[in-house]
Amino acid sequence: MREKIIYGMALLAAILLARNLHSTFLVLPDEANQGMIYRIMFFHIPAAWTALLGCAVALVASVMFLITKNFRYDALAVAVTEVGLAFLAVNIVTGSIWGRIIWGIWWTWDARLTSAFACWLLYFGYLMLRGAIDEPTRRATLAAVFSIFAFADVPIVIFSIKWWRTQHPQPVFWGGGSMDSAMWLTTMLNWVALMLVGAVFLLVRLRQEEAQREIDSMRRMVHAI
Amino acid sequence: MNFLRQSLTIAAKDLRAELRTKEAIQASLSFALVILLLFSFSFDPSEDEMRALSGGLLWIVFAFAGALILNRTFAREIPNDCLDALVAAPIAGAALFLGKALASFILLFVMELVCFPVFGIFYNIGWTAQFWPLMLVLVLATWGFTVIGTTFSALTVNMRLREIMLPLLVYPLMIPCLLAAIRLTSQLVAGQPLDPEVMVWMRLLVGFNIIFTSLALVLVESVLLG
Amino acid sequence: MNFLRQSLTIAAKDLRAELRTKEAIQASLSFALVILLLFSFSFDPSEDEMRALSGGLLWIVFAFAGALILNRTFAREIPNDCLDALVAAPIAGAALFLGKALASFILLFVMELVCFPVFGIFYNIGWTAQFWPLMLVLVLATWGFTVIGTTFSALTVNMRLREIMLPLLVYPLMIPCLLAAIRLTSQLVAGQPLDPEVMVWMRLLVGFNIIFTSLALVLVESVLLG
Amino acid sequence: MTDAAIAVAASAVWKFHGDYPALRDIELSILPGQCVALLGRNGAGKTTLLRIMAGLSSAGRGTIRIFGNPVRERETRRRVGVLGHGISIYDELSAIENLRLFGRLYGLANPDRSANEWLERTGLDRARNGLVREFSRGMRQRLAVARAFLHEPDVLLLDEPFTALDDRAIAVLQDVLRRAREQGRTIVMSTHQLREALDLASHVALLNRGKLGYFGERTPEMLADTGWLYRHYDV
Amino acid sequence: MTDAAIAVAASAVWKFHGDYPALRDIELSILPGQCVALLGRNGAGKTTLLRIMAGLSSAGRGTIRIFGNPVRERETRRRVGVLGHGISIYDELSAIENLRLFGRLYGLANPDRSANEWLERTGLDRARNGLVREFSRGMRQRLAVARAFLHEPDVLLLDEPFTALDDRAIAVLQDVLRRAREQGRTIVMSTHQLREALDLASHVALLNRGKLGYFGERTPEMLADTGWLYRHYDV
């Protein structure tokens, strides 16, 4: 059953992605002053949203773990952090490429870029932290606490462009800017597609985590004398 | 105020142990000097540039040297499993945390106070024009650093890679606090007052301290119990 | 060549343990990134200034992040008193030292190799113009760093303040090596060849390596026996 | 019997290290004044159980109550004394400073007097101002005993207290424990040194891979033949 | 008797920790095949003496020779096996990798064969590819024994090998030690568990605050009454 859900979601994601790629490259026109490259935004922006949403889910899962001590929440927190990290990486890489084309540089240390990078480092630190603790209960508890602390960076990522003058463009979807409705639609649809991809990763990762736990305990039983 | 008395007992214990060996404070001071020296080799700025860089330079030194002190905060409890006795004692996790944070804060602050004149001499910079506002910034930023550092010292205390994990986890979290401290320090060392433009940073600093102090006090019990 | 075989056995052991946990390399890499981040907003140089600073910036990052790897060199042996077993085994202290140095060198070198492109991207600097001379400088300076770091890792392994003592002792000793590396790297990253003027630094680097490698090999036995 | 009349009550305690159950469904009622020897092979879960009783680690499922209250409550902790693997005293402080510190933390009325009293009782009065760093292993262990007993706890939890002690230090510890029994305190101690433990114990709890294999009075057979227990109750 | 016929010969060995003499003027000749129980109160200097014998620490004055050679010589070290407080095995490597590593370092002809053989002998063959990190305390100690015996050393130096082991693990260790005695190996072990030690020992060395108080055969009195030794030779 679960298998079927995963396959179904993967299929849906593939169809949606194909549709979006089609409209991105073959339907939508070049943008007035950016030309071809603006299309990268259909990945850049949804990837960021997916990643930040992942952070939020990780926060909720971590809080729930601390309250209930149920290891399912712990598994969810790791899995969603890993997936979020991947999407944040997509966001940063695409942004970097975008910047190379229209700013002429790969990177600049403005508030948005810096905070996004710090966010990536923090959640990478989360995974390293987990790697450094052997005892599962302790690992889950401490990782949950760290995840709560780390989430403090997420609002900064989001609001950095409001609070500081940045080279990074101002928000277009909320607070001001306007956007062509076709572009709007494509962005949103691609967000849905990326979220589906993320969900598939998440489910696979969760199952893997479960299997790993089973393998670990079986190995212990075998070794025990 | 039983809570406060217990915190002070813990802080006094830490400071007494530290004064007896002087290891953390000596080490962090000499480390700070070594880094100041390294920097003066690596970069060679003019005096004006230096004034602009001063905040960044000083806070990087504080961050690196301070990590040594913060690392000791809970590492101090490892050798004979002393942490177990503290956790088993009838005191609240928050009281323990506050006591330890207080002791670290004092050590950090002393280290920073010594660094300022040394920095002034090494780089020929008068930094006393805005003395009291500078102290205010120092206290606020150091408290932020202390709170996060103490929390993560407790978090990493039983880890294999303690000495590495602490800075690794703390620095990225510290970025807003550091950034504010750097801007404010540069401004004040250059002799300019705290005008409205930089007050944004001051507010950031205060907000940062409030948020993280409350988070730490709430979560410390689960960190200690593991 | 029994000696060499034993060194390689030790190096292989260290690398295998490291690859299994990946802790030192991951930690030093992310620490390097964190420091790059810290520096970037502490100092805010233009591109030309950046090129001139690049050597200093890179080597400070390498020095800080590398200290983590070097710290692990012998710290790796602490948990179960493994060092005792190695010292009790019939292998020469110099072989043990060489094996450990080799493993650390490889880890350091990997870390540095990853840092270069990252640095290039973050600061928008093309650094490949003088690729092979740059690699030569990297290898030489890294070996010097490794030798000193490994020696002091052995020296400090049983101290209470291990994590602090290592950088404290190593950095001041490293200054000639670092200085040479900084000048040479800045020169090469800026795309200029190794002209006679900077060859002085190259000679300094080679001399430094020869002196300290021989010193370390001679003294290591007494360091290990304590 | 009411809950408050049971010194240490474990009900359905499980503890998981990952999926591995280090403790499985422990049910235990220790009455005030009993002295329980907690036995079991390496990895049976003795340390795990004691740490949960001491409030140093949380049970995965089930609860432990001490005189009817949860272990992590302040009032409960004041009545419990813990002596673990480590000795939990500070190397940089002197003997008296160590005891004074813990006296304050436990809220004793007169920390100084209790500290001096216990230094005398453990034979450390001549070394009261010496830094612990300079103490020998035996002296440290004595100081650790003094620390654990300082606040006159009603429940004592000791994890392998006899390990690596010489005969004289063992005698001091046995003496202190015997007096505690006479005063009606409850004692739970884990150990592999069956002889010393059974000599003192009134009851025996045997853990077998995380399960409670036996809990009951110490019988004369056990004292006569230390292997008897494992042969009968451990598979 | 020539020097080379004495397994472990200590002549006038002193060791200072600062001003404090942890060992004073130790004179000792242990012949091949003897099994010496090194006894003494806490802080008597047992660990210090064993570490000097193992070449892990240098004597302040005097020398120790093993089969007539200085302890730090390569050939000597090949003939010595050491098991200290720590277990000296790597957590990140598997059981077989640990043994293979030490087999190579000791220059064994066939490290793999020896490793497998000793895994079997200590009952660890099922866990040979498991990472040590996941081993229980008893399993670790067994692996440590395997490591110390791997190169079939002529002289075995063991520091409190029975500490914190359960009866089953003690039985394995005693079995291995007994076999080593039968093969004519020399054994020196420190311990506080007199019964286990005296059972095995052919000789007894008693340290008393750094001085050798008694060295001689283990007599039946000692076995019958473990307190006897301390009462007669320790002040």
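Letters are used for the chains, namely A, B, C, D and E, taken in the order the chains are written, and counting of residues starts over at 1 for each.
The definition used in the following text is that a contact is a pair of C-beta atoms (placed from the backbone, for glycine too) under 8 Å apart; a residue touches a chain by one contact, two chains touch by 3 or more.
Every value quoted in this text rests on a predicted model; they were computed, and no experiment measured them.
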item	value
For chain A and chain B, chains touching each	C, D
Pair joined by more contacting C-beta pairs (A-C or C-E)	C-E
Proportion of interface numbers common to chain B and chain C (over half same, under half different)	same
Taking each chain's C-alpha mean as its centre, the one farthest from chain E	A
Inter-chain centre distance, chain B versus chain D - centres from mean C-alpha coordinates, in Å	38
Averaged-CA centre spacing for the pair chain E and chain A, given as whole angstrom	56
Length of the line joining the C-alpha centres of chain C and chain D, rounded to whole Å	48
Multi-partner residues of chain B (at least 2 other chains)	79, 160-161, 165, 168, 172, 175, 225-226
In chain A, residues with contacts to at least two other chains	114, 118, 121, 125, 128, 132, 135, 137, 220, 224
Overlap residues in chain D, where contacts from two or more other chains coincide	43, 57-58
Contact pairs between chains, per stated definition	A-B, A-C, A-D, A-E, B-C, B-D, C-E, D-E
Chain A residues within the chain D interface of the complex	69, 135-137, 213-214, 216-217, 220-221, 224
For the chain E and chain C complex, residues of the former touching the latter	54-58, 72, 74-75, 77-78, 80, 82, 84-93, 97, 101-102, 104-107, 131, 147
Residue ranges of chain A touching chain E (in the complex, touch as defined)	134, 219-220, 222-225
Residues of chain B that touch chain A when the two form their complex	148, 151, 155-156, 158-161, 165, 168-169, 172-173, 175-176, 200, 211-212, 215, 219, 222-223, 225-226
Residues of chain C touching chain B in the complex	23-24, 27-28, 30-31, 34-35, 37-39, 41-43, 53, 55-57, 59-60, 63-64, 68, 71, 79, 160-165, 167-168, 171-172, 175, 178-179, 182
